[in-house]
Structure formats: structure tokens, C-alpha cells
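Worksheet: one structure, shown below.
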Amino acid sequence: MDLKLRIKMFRDMYTIRVFEEKVRVLAMQNKLPGFFHLYVGEEAIAVGVCSALNKDDYITSTHRGHGHLIAKGGDINKAMAELYGKATGYNKGKGGSMHIAAPELGILGTNGIVGGGIPIATGAALSAKYKKDGRVAVAFFGDGASNQGTFHEAINIGAAFNLPVIYVCENNLYGVSTRQTTVRKVEDIAVRAQAYGIPGVIVDGTDPDEVYKVAKEAVDRARRGEGPTLIECKTYKHHTHFVGDTDSYMNKEELEAWKKKDPIAVYPKRLIEEGIIDEDGINQIKKEVEEAIEKAIEFSENSPDPRPESALEDVYAD
Amino acid sequence: MDLKLRIKMFRDMYTIRVFEEKVRVLAMQNKLPGFFHLYVGEEAIAVGVCSALNKDDYITSTHRGHGHLIAKGGDINKAMAELYGKATGYNKGKGGSMHIAAPELGILGTNGIVGGGIPIATGAALSAKYKKDGRVAVAFFGDGASNQGTFHEAINIGAAFNLPVIYVCENNLYGVSTRQTTVRKVEDIAVRAQAYGIPGVIVDGTDPDEVYKVAKEAVDRARRGEGPTLIECKTYKHHTHFVGDTDSYMNKEELEAWKKKDPIAVYPKRLIEEGIIDEDGINQIKKEVEEAIEKAIEFSENSPDPRPESALEDVYAD
Amino acid sequence: MSRMSYSKALGTAIAEEMRRDENVLCIGLDLAYYGGAFGVTRGLAEEFGTDRIMNMPISEAGYTGLAVGAAATGLRPVVELQFGDWVTIASDQLVNQAANMRYMFGGTLSIPMVMRLPCGGGGSAGAQHSHMFESWFSFVAGLKVAAPSTPADAKGLLKTAIRDNNPVIFFEHRQCYQLQGEVPDDPEYLIPFGKADIKREGKDITIVTYSYMVHMALEAAKILEKDGISAEIIDLRTIKPLDTDTIINSVKKTNRVLCLQETWLTCSVASEVAAIISEQAFDYLDAPVKRFGSPDCPVPFAPVLENYVLPNTDKIVRAVKEMF
Amino acid sequence: MSRMSYSKALGTAIAEEMRRDENVLCIGLDLAYYGGAFGVTRGLAEEFGTDRIMNMPISEAGYTGLAVGAAATGLRPVVELQFGDWVTIASDQLVNQAANMRYMFGGTLSIPMVMRLPCGGGGSAGAQHSHMFESWFSFVAGLKVAAPSTPADAKGLLKTAIRDNNPVIFFEHRQCYQLQGEVPDDPEYLIPFGKADIKREGKDITIVTYSYMVHMALEAAKILEKDGISAEIIDLRTIKPLDTDTIINSVKKTNRVLCLQETWLTCSVASEVAAIISEQAFDYLDAPVKRFGSPDCPVPFAPVLENYVLPNTDKIVRAVKEMF
């Protein structure tokens, strides 16, 4: 695997981490409107998968979508400004955290509807196949979403028509407060691939190298016209379901165990051990990232609000 | 297996067959309003499954539902009268072929929405478990319906809560004109049981003894509180999707091959060979059934239309 | 001009647009060879192949969402549901996704798709195959809604819908499919959205309606004529956008209005038209606005019941006469 | 009487009904321990156990259908969606199944279930968490629709809904959950469906509204009072059935009416009320009926945009003044 790519993976994961931790603080200070679901702890998934994609490949994301946006190349200034509801945001402040898109990067939206993006990614894959433009599409979604009808219907369609789409399930064991194995009899989501006749793979969602590897294989397969893959990434989120949520349902010991696998701590050590970068290099990246995020906050705070009347624009296309 | 039960299975299958063939003729003569999906060729499924049920067990059925209604003990006079849209029909002429229910027999309705009955049967099973009344529920549905989101969501719920419900898929290889393997990558529906952690069984849907056997096992399992089973019955329908439909999509050779397994021809021979009944006995049953159906037609034709103003009744319960 | 059925006119519109723009494709059940539920796409797979006339699994939410994703990435899908009744299954992708996406995303993409929904009662199809949901989708910002009554309008409106860059919900009445009429051959025959059509001029009362009820209203007008009542029939053609001007101008002339539709009245198109008229033409009304549609019950199966419930020519004549 | 929040009043109603009738159970996401999306069921699992306060997988169509099947067989499920926006996912089971079943089946069974839908805008929840769908479900024969504005109404209406033998769609406005008010302790405190409540008497104009907008209207009335305009505020409480008498009587007194709601106007509750008034109180109107709601765009995220779009006290005052 390309060394530069691995270093970039660390940078991207760290960008997401710092971005999210800042969002958390800003939200608790009521500087940001609306509510926020953080990707902290799950960074290796978005980064591992998106590192296997081209700029013009498609993704659909979820309510917990900042990580996907950044990993797919999203501009953190525009992303942060959108969370602030500013005119300079990706979507002029109309979308906010759960509804950010950047079509020029193939990002077809974070999504407030659990399971809502899975058919949409499948449709983007249909476009790619129809136009023979070589693109692939990735649908990110949670373990909770795998009980939605859209999961079943969309994957069946993707499989039946051999569409170039990869279904990436981020299995963090919970949907809001509900331990998902209390509302689902199977332990693994990957077994569900058998219902559609496609490969189902389980991967450690805290290891970006591993995630990249299985994603790359699935992407190559998709580009060869061999159809979809379902990838289940085992992961855990470090914070509550949304910022400001009660944490009574969280399992502290389990969380501590998962934190030992925190990619932001583990991965740079591995890179250093393997001699790919040194401590200074890591620190330099961290510094750059932190500065960039501070700049993004500054950019956002100095950005103008949207014109009120702009609320009436963009409803219909000409 | 009880000899009387096996003879009754023949009688019920034959009743369905004659009922359906009569409906076909009556519909083509425009004596019946609306449109009709016939169960001809699939009789062994409804009869095999319902023979394993008690009178107060629940079923939900489909657009192709006359067979389930009759197999669950439905009165053919009231059933036929409903198809005629008469006041004496099961539902006072308000429902018709695709919307017949007989709650006193646990029949919660044929259904015009493909996949619509699967969650409803699951809910009936929830009632049974909640009230600890020992009942089970059966959801009948087609292979086409197994691509609906309701299939996925309902079976997952049934499995997660160990509900006493049996999911019976009637795989006749088609949904309307569409060969289902062209819109689904897996050959068998039964493999989908793995997605929910429940047993998935395949059975020859033309053999009522076999269907009864697997249904009985599933029913016993459900009553013991061990949760759902998915049963896939391989079958084939002898007529087009609905009465009056073009048959251009039908595979004549395949049909001929399946007709060799026609339960109405094969099963009485088996009963005779096994010495359970003789030719005369079979002919006697046939005669009785044919007469009963003639009477049902007569009953229906002599029944009054509903009062026009009764259209405004039964919208709301008090 | 060619004489053809409403169904054929729709098929012609699709074929012309598919020839014109290779990004147009059809998605639905049994579309190829079988021709869909009412034969609209019959013959198209032969010309365009099954990559463009796609047969789907029975997964209304799934293939509607498939179309949303395809539309977001440059295709122009035309989706058919076999009966509009089960748009209930697909409505999340239409309402929370398709209708919102352009707006939420600040105008950075668009969703050019058409959702074709055979709809309406008649023929004892029963409660689950007779619904009309045009009021639901007209309610939703971000959607457009069309409901043609004649073969020519069917062609002109469907072509406009396919070229529109927004999600369009297109209601085709089941009782219209076999109606015959003259249809312009011009492949540029486009009927603009938001332009109602005065299907009959009159001076004593305006009947505002759309879809199959246009034909019932025209029949009723003939009968009323004999009794000295001259009815003007406005066919809305599109409900969202709604041609308020044509409605108001007609009411100013006739000073009486019946808002007619087939289905239930509560929160319906008839309610909307009545509300607009009472807001904007209050001073021109000689009598209260009246609405006419179905009573509040599901559509029953038995013919005698169904006839009792659905509006028809006689009932319309009676309703109009009560206003004089 | 006890002082409590709207949210607590709802929880109390559920608890009382569960004690009274063992067939009542709750179905939804995160209901047990977590208390559902807005804390309504908090504490109930401790008393009733998780067999009666059931946590579901994220499968809105599935667990709504589960409730339909349970209701058809003798239970009385109370379903919560975390946000009413995704009733779009569950609507087939409500519209094609629940609303039709009793009728199609000739009255042989009934579907006593309640669908609790937190709804409405505010707080930058964005387009997919701010929808109001009361007009959709009021359209549908076979359903009932309630939308309480105060803690006392919340309790009384929810208890009535749970005892009703029909499917009831129950809209709880997100901005109401924390409102405090006096609530009768009587476990037989039931508010009948189809009875609007005059929340404020007045003589110059009638404002017909419901849900959260009742509070905005009451605020507006105070301001209008200072300018010499006396506004009567009618809280519909249930939209289906609708209390036409109370509306008409009020209009006969004030001769002016504003139909106010939070969401889009097309084919909406405001349209319905306006249509009814122009049909039934035409001769009593001194000015055209006016409707006020949101403009035709999805609910935007940024506060400055959301404020621009949603009705509020000032905008209501302005709208009323324009009528004089």
C-alpha cells in the first residue's frame, strides 16, 4: 500500500477527529444550531473506504455524516460553515449537519432518514453503469439501518443488476440507546449478504489499512462489473448518540475496551513503528490539522448569514 | 399422519380447484366484477399449511387468496357471494377477491398490497404471545413479495422477539410476467432466513403431505416459543397472473412439466395406492365438492345486492 | 394529428423523449414486453432494450429511491407504479428525499424524475386499487403534480414532465387509458405546466376539475345546457403549479363555481381551489363555492356500492342544479 | 389538577390507560428506559416491563404493520415514531391497511391503534425533521386525526385516542413538549373527538388553528387587543372529525376569519377550513377568508432562514391587520 496514502489516511482521520470534537464543544456552547451526531471513534471506516475511491465516485451518507464528507475530500471550511448555518456553507445554510451534499465530489448527501441513502447510492451506481463511466457508488449506513426495508430492497436491486455499488455497514452495536442485538437475532450484518447472493465481509472498523484493503477489493470488483459487496465494519462510537444526549445507556467498560483500539492513537504508532513517518512528522500533521480546523471555525464565524429571502430560493430547478 | 386428515386435504384441495376454475369461467363471462388471481396448481400449499393449524390460529393472505380462505375453513357460499359483490358475502360485498377476511376463523384478510400482510401476521403473533393464548400466525406471500421491505422488516421483528409466526413463501417463479430470478440473484428464498437467524426450509409445494410435515414442525416450534420459521414452497401456477391476462410470458414446456406434478391428479392416486381410499371414495368426494360449489354459485346468484346506502357504513367502529 | 388512446399517447411521449435524450429510461414492474400495468410501455423494450426499459423486483421504495439516485446523477428516470395506491410505500423517497434534496443541498443538484401513477376508481378494483393521492403530493413543496384527462394532454404533459428538472408526480386515471382522441404528431408538442385548459366555455357556472372527472363534467354540461344552464369546464391539467388566473377569470365571468374531483374532499384539491376562490374572487361570487367528490369511505368492491360512492354525470348535474 | 409538561401529560395518559386496560402496549424506538424521542414514555418500562413498552428495530413500516396486526387481534397498540417525518415510510400500513380494513372487511374487525407523531419545525432540525402531515391523514377516510396544543388537551385527547376503536394519527408538536400547564388528575378525563375548544373569546375576527400555532395565535391576540382588534381563537384539537359547528358559529359572530397553520397551504387543513367556511358561512363574511402558513419551500436549517419561513406571532399580527 502506498506510503503517502497511509499518511494521508492518518491526516484525514485526525481531521475528522478534531473537527468532530470541535463541533461537540461548539454545539454544547450553543454556537451551532440544530443537533449533531459525531463520528468520533469511527474515523477509520470513512477514511479507509474513501481512500479506495476516485474523486468522481459517489457516496451517500447518514445522520452521522461529517466523517464521510471529510474523507471524500470535503472542504472543511464549507463543511463547518454549513453547520453554522452560514451563506458560505456547502449548501448555503439550508441543509445543516444531516443534509450536506457536495455533488462535485460525488457526495450525494448526509441523510436524516435512517436507511434513506441506500437506494440513492444504488441509483447512482445505476447511472454509472448506464453511462459506462467507470464510477462506483458507496452507501454508508449503520447497523440499525440494516433493519430498514430500504436496505433489503436496494441491495437486492444492486445485486440483481450487478451494479457497481458497495454497501458499507458501520456496526457500532447501537441504534440510539438500543443494543441492536436485542432487536435483531443475528450477531453479524455481513451474513445478510447471502440473502442477495453477494459477498459479505467483516472487517475491523478501527483499522484503516484493513478497511482500505477490503474496500479496494470491493471497488475493483464493482468496477469490473461483478456487482456489489456488503462490508460490515465493526466499530464503536466514543460519545453519546447525539451531542447533549443522556449517556445512561452507554456501557462504560465496553467503551474503554474499544478506546484501546482508537485509530487516532493506534494508527500513528503503527506508522512510526513501520518507519513510514516519525513522531515529528505526526506532530506536524496534527498541528496543521488543528490550525486548519481553527481557520474553518474562524471562516465560519466571520461568514455572513444567508439573506432571509434566500429561504425561498432553490426549491425548484428551472 | 392421520388418514382422515389426508382425505380432508384432498377434499380441500379439490374444493379450491373447482372453486377457482368456476371463478375463472364466471369472470370470463363477466358475471363477476373486478379481477381475479387464481390459486390453481398451488392448492397443496394452503391445504398442507392450514391442516397444521387450529381453527383459532391466524393467517394473512395475498391477492391470490381464495385458496388460503378455503383451506383455513372458509365457507364457500360466503366466499363466492363476496366475489359476486353480494350482501351475503363474507364482507357484505365491500371487499371482493383481494380483500376478504373472516376474523372468526383467524383469517385477517386477503390483501391487494404485495407484502402487506407479512407485518400484520407478525402483529397477530405478537398478540398471541402477549396474551399467551397459544395461537400461531401464518403469513402467506409470493416469491415476488420476498423483495419487499415488509418481508425484511417483519421477519426480523418476528425473529428478534421469538414470535409464534410462520412465514410461508409460495415460490411460483414469477411475479406477474417477470421471471423472478431476473430481479433477484439468489435462486432460493429460503436462504434469506439466515439473515434473521431463523430456520429456512424448502419443500415441494405440490405435495400436501410434505408441506404439512414441515408446517407442522414449524407450528410446533412456534407454539413452544422458539420463534419463526421461513418455509419456501416450490410451486407453479397453471393459469396466467390474473384472469384475462395475456399469457405471452408463460413458459409452456415448464408448465407442462409442473402439471405432471399437479396435486389434484397425483395426490388421490397416492391415497388410493396407499389403500387409504378407493376410486369410488375419491369420485364421491369430487361429486360432493362439485355440487357444493354449484350450490355456492346458486346461493350467490340468488343473494341480494347490498343496499346502496350501506356503502357509507362500516367506515368507523363505535 | 393521429387518433390514438390515452395509453398510446403516453407511450408515444415516452418513446419520443427516449429517442431525443439518451438519459431517459423507464423503471418499474413488468415494463419490458408486458408493457407495464396498462400497456403504456408496450413495444418500447423492442426499440430501446432492457437497459432502458427496466423490469424491477417488487420493491416500490427501492426502485423509487433507485430513480432518485439516478436522477441526482444525470439520468431522467420515468418510474411506473402498477397502481398509484402503493405510492404510500414509495413516499419517503419522494417526499423526504426527492422533494427536499435540491433545496437542502442549496441548489447544487436537481432530481429530474417522473413518477407515473395509474389512479382512480371504477371497475370494482376495490379499496386498495382505487386511491387518488394528488392532494398529498400537491401539498409538498418541491414536487410538481400533473393529471391529464385526454390523449393529447397526456402526451403533451408527459413530455413536459420528462423534460422538467424536478420530481413530477404524474397521475394517469385508469378509466382514461382506453379513451381515444386526436394527438399532435409534433415531437415538440409540449404543454406547459401551470396552464389550465378551458375544455368548454360557458357563462352560468364554472366547474373546476381534472383527470377523469373532466369527461363526466363535459357530459353533465351537455345535459345542463338543455335546462338552460351554461357550464364552463376548466381542466386544471397540473395541480402544482396551479393556474389560479384561469380559475379566477372564469369565476369573475360566471359568478358560480363547483370544485369537482373524484376522491374524498377533506384537505383535497377541491378544498384548495375553493379556498383560493374565496380568497381571491370573493366579491364575484353569487353563491357559496361548492365542492363535490366522494363521501368519506374507502372505495367499495360491489358495483352497486361503487356506483353509489363515485361521482358521475347524474350526480354532477344534480349538484349543479342545487346551486341555482 | 397538577402542573406538568405536555410531554409528562402524554406519559401520564399512556400510563393511566395501561393500568386500566392490559391490552394497551407501546411500540417504538428506544421507548423503554430511554423514554422515546422526547421522553414521553420515560419511566413506563419500570412499571410495565418491556413486554408492554417494546423497543423496536429501526423498521417503521414493519412495526407499524406489527401494530396493525396486533390491533386487529385484540391489542391496543400506541406506536411512536421518533419524528413524524418518516410516517412516509409507514404510511402504507396506515392508509392501505389500517384505514381500509374495517370497511373492506364489512365491519367484521376494528383497528384500535394510535400513531404518535412528534412534528413541526423549530430548532434548526432541518427539512427531514420538521414536517407536518396532518393534512395527509385527514384526507383519508377511516382514520382520525388529533393535534393537541396544551398539556391538558394532550392528556385528554390521547386517552380518548387510546380508547377509540379506530386508527388515530396523533400529532404532538415538538415545540409543545416542554410547555407547562394544569392537567386534571381524573383518570376519566377524556376530551371527546370532534369538539374544538375556544381558547380565547373575541368578536372582531376568528383565528382557526391547532397544535403549536394556538400559542402563537394567543400571543398575537394579546398584541391585537392593544390595537383594538378582538380575536377569537379556535383550537380545533381534532381535525378529523372536524368541529364545523364551532367554526361556523364563531364566524357568524366575528364575520372575519384567518385559517392559520404552521405548514404549507396547498391542500391543507387551512384550505379545508376555508372551503367549509365559504360553503357554509358565505353570507356572514365581511371579508374574504384568509389562510396563513408557511411558504412553499422545505423547512431550512439556518435559524435566520427558518425564522423567515415559519409563522410566528408578529407575522400573524400582520396578517390579521391586513384584513381590516
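Just so it is clear, A, B, C and D label the chains in written order, and each chain counts residues from 1 on its own.
Methods note: contacts are C-beta pairs under 8 Å (C-beta built on N, C-alpha and C of every residue); 3 or more make two chains touch, one makes a residue touch a chain.
These numbers were taken from a predicted model, which means no experiment stands behind them.
Identification of common neighbours of chain B and chain D yields A, C.
Separating the CA-averaged centres of chain B and chain C is a span of 36 Å.
Centre-to-centre separation of chain C and chain D, using mean CA positions: 30 Å. Taking each chain's centre as the average of its CA atoms, chain A and chain C sit 40 Å apart.
In chain A, the positions touching at least two other chains are 93-95, 99, 111-113, 116, 147-150, 152-153, 156-157, 160, 182-184, 314-315. In chain C, the residues touching two or more other chains are 56-57, 59, 61-62, 85-86, 89, 92, 96, 100, 103-104, 126-128, 141-142, 295-298, 300-301.
Taken as a graph of touching chains, this assembly is complete, with every chain in contact with every other.
Considering their complex, residues 61, 85-86, 88-89, 91-92, 94-96, 99-100, 103-104, 126-128, 131, 135-136, 138-142, 240, 242, 259, 264-272, 274-275, 277-280, 282-283, 285, 287-291, 295-298, 300-301 of chain D touch chain C.
If you check the complex, the residues on chain A that touch chain D are 33-35, 82, 85-86, 93-99, 111-116, 144-145, 147-149, 175-178, 180, 182-184, 246, 248-249, 305-306, 308-312, 314-315. Taken in their complex, chain A has these residues touching chain C: 58, 60, 89-95, 99-104, 108-109, 111-113, 116, 118-128, 130-131, 137, 149-150, 152-154, 156-157, 160-161, 313-318. Chain D contributes residues 25, 51, 54, 56-57, 59, 61-75, 77, 92-93, 96-97, 100-110, 112, 141-142, 144, 165-166 to its touches with chain B in the complex. Of all the residues in chain A, the ones that touch chain B in their complex are 147-153, 156-157, 159-160, 182-186, 191-192, 194-198, 227.
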